[in-house]
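Before I ask anything, here is the structure I am working with.
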Amino acid sequence: MTWALALDLLGTFFFAISGSLLAAHRGYDIVGSLLLGSLTGLGGGVIRDLIIGTPPVAFDKPIHLIAPVAAAILVFFFAHRSERYSRPLLIFDAGGLALFCTTGTIKALESGMNPVAAVLLGVTTGVGGGLLRDVVANRDPQLFTSDDLYAVPAFLGAIIVATIWLTPLANVFSALIGAVVVFVFRVLSLRFRWHIPHAHGRAGASGHDLRLD
Amino acid sequence: MTWALALDLLGTFFFAISGSLLAAHRGYDIVGSLLLGSLTGLGGGVIRDLIIGTPPVAFDKPIHLIAPVAAAILVFFFAHRSERYSRPLLIFDAGGLALFCTTGTIKALESGMNPVAAVLLGVTTGVGGGLLRDVVANRDPQLFTSDDLYAVPAFLGAIIVATIWLTPLANVFSALIGAVVVFVFRVLSLRFRWHIPHAHGRAGASGHDLRLD
Amino acid sequence: MTWALALDLLGTFFFAISGSLLAAHRGYDIVGSLLLGSLTGLGGGVIRDLIIGTPPVAFDKPIHLIAPVAAAILVFFFAHRSERYSRPLLIFDAGGLALFCTTGTIKALESGMNPVAAVLLGVTTGVGGGLLRDVVANRDPQLFTSDDLYAVPAFLGAIIVATIWLTPLANVFSALIGAVVVFVFRVLSLRFRWHIPHAHGRAGASGHDLRLD
């Protein structure tokens, strides 16, 4: 097994756990849990591969199916039905984001994309699975509504990876460094509720009361 | 017209009816009905063809457009605006699921995919159209929230078709046999409310009160 | 810069403004505004290019990223947080619809698609970005729920462009003519609340009370 495949499987597993946890919280059955986990874990990579123009690895290499199956089984046996589902979901989601935005950037660069497009595709890969999960589960996407930073760490990680790629230092550890930066940044932003300005720049405009429309 | 095309058109028609019925129930206009029917009927096949890497037949062969047009016209003239819209929607949806999950598996196998990937793509094709319909109409997907079996019949049908494919018995009737099994299994699960365990394995955990988050 | 690229960038900019305006109204942060604008502006074109089978221009030519960045900045500085967000959103959305449904039709014809498929792909390109915006922002798609005409102008524009294409008169102005027709038609339908029959043909059936299911 190559490093790239190992990181891909780990990212798939993390995202799949987040999908299966949401399914458990919503009261879906175990097949719904497997399907939502699979969509979350494999969806970003399928979008990535369709845009690059290669056969989606989720279908090309059946080993990728092991991750969502394992995630659904783990959630079935170990997920407590409690108020605490959202924290583990956030942590596993952060792990998936970290791994997919860096490996997505590298796959895009390896396919010959320019660095700007590679960063964009890395971010798309990283946020894609979670976005599909939230859209399909009919909830406001975490990507947009969180009071913390989600896409910013992904952009930073993708830029780090693409920058290292342009130097002679590029090797397998670039992805790991990028992933660790994204994960730590994301978790710190959750812990300390870091945030950035709202989409309209007017002073005194609290966005919170606008969310109820 | 080949058998494969006939089954494809019939599945498209069944799914399109389900989409147009939902549109009628929601008070959409006839163009919205045509569009939601088209998305439901053609969406799963477009996803299938993008993943296989062939030009989507919905665009490649305009004959596929006849099915959603016919469905929108039929719904316009014959759909009563009554409480009873949901049962016909479920039956037509079951017909689309049955045909697409089996023909999707066969197309995947014909394109050279391994049997495991072909089963996965068959299920994706079968559930894809209905999932797009529910996501776009902004409702909880039937795939996840139903109290009956939806993906299980699809998996079973895809596995039957892929298994027959590996034997010398494979012919056009494999798809028909698979489709009939899926349809009957799905309708029986609706009738008798068959279900499987929830995504968390704790005893006493009724998922229903969790759906309100 | 070619005419085709200029029209593509302008359409991307219009749709991106509509996405960023919705993000501002929802209280998303500036990165969420950039992402929703990018998805709205670039989404239809990515779907179009995946179906045609060419590398998506949004990733292939980084110049396309300028439009959503400019849109997010403009919305940040100039969007008032007022009740009036919906009218500018509708106007910019109409501009994006007009440009994408005509350029989408032309790109499909240039790739060798038959005219019927090209019209379908033009409409898909035109309505795709706005549909993704509404689905991801978890609201009922404007495409279906509006009391005015949305897909009808897109179909008309795509048919005009495809018809001119079949004559010796085809040139760059076909796209412009098609786009102007779509835009004016769409805006007039908004102004005068033009509408067409509902999806079920029964007299006395007001669809409005059905939307609450």
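Per-chain residue numbering starts at 1, and chain names A, B and C are given in the order in which the chains are listed.
Everything that follows uses one rule, which is that a contact is a pair of C-beta atoms (placed from the backbone, for glycine too) under 8 Å apart; a residue touches a chain by one contact, two chains touch by 3 or more.
Keep in mind that this is a model prediction, so the values were computed, not measured.
*Asks:* How big is the rotation relating chain A to chain C when the fit is done on Cα atoms? Please round to the nearest 5 degrees.
*Replies:* Rotating chain A by 120 degrees superposes it on chain C.
*Asks:* Where chain B and chain C touch, do the two copies share over half of their residue numbers, giving same, or under half, giving different?
*Replies:* different
*Asks:* So the centre of each chain is just the mean of its C-alpha atoms; given that, what is the distance between chain B and chain C in Å?
*Replies:* The computed centroid separation for chain B versus chain C comes out at 28 Å.
*Asks:* Can you list the chain A residues in contact with two or more other chains?
*Replies:* Within chain A, the residues that touch at least two other chains are 50, 135, 138.
*Asks:* Tell me, which parts of chain A touch chain C in their complex?
*Replies:* By the definition above, chain A touches chain C via 50-51, 53, 108, 113-114, 116-117, 120-121, 127, 131, 135, 138-141, 143-145, 149-152, 155, 195-202, 205-211, 213.
*Asks:* Give every residue of chain A touching chain B within the complex, in rising order.
*Replies:* 20, 23-33, 35-36, 46, 50, 55-56, 58-60, 62, 65, 72, 75-77, 79-81, 135-138
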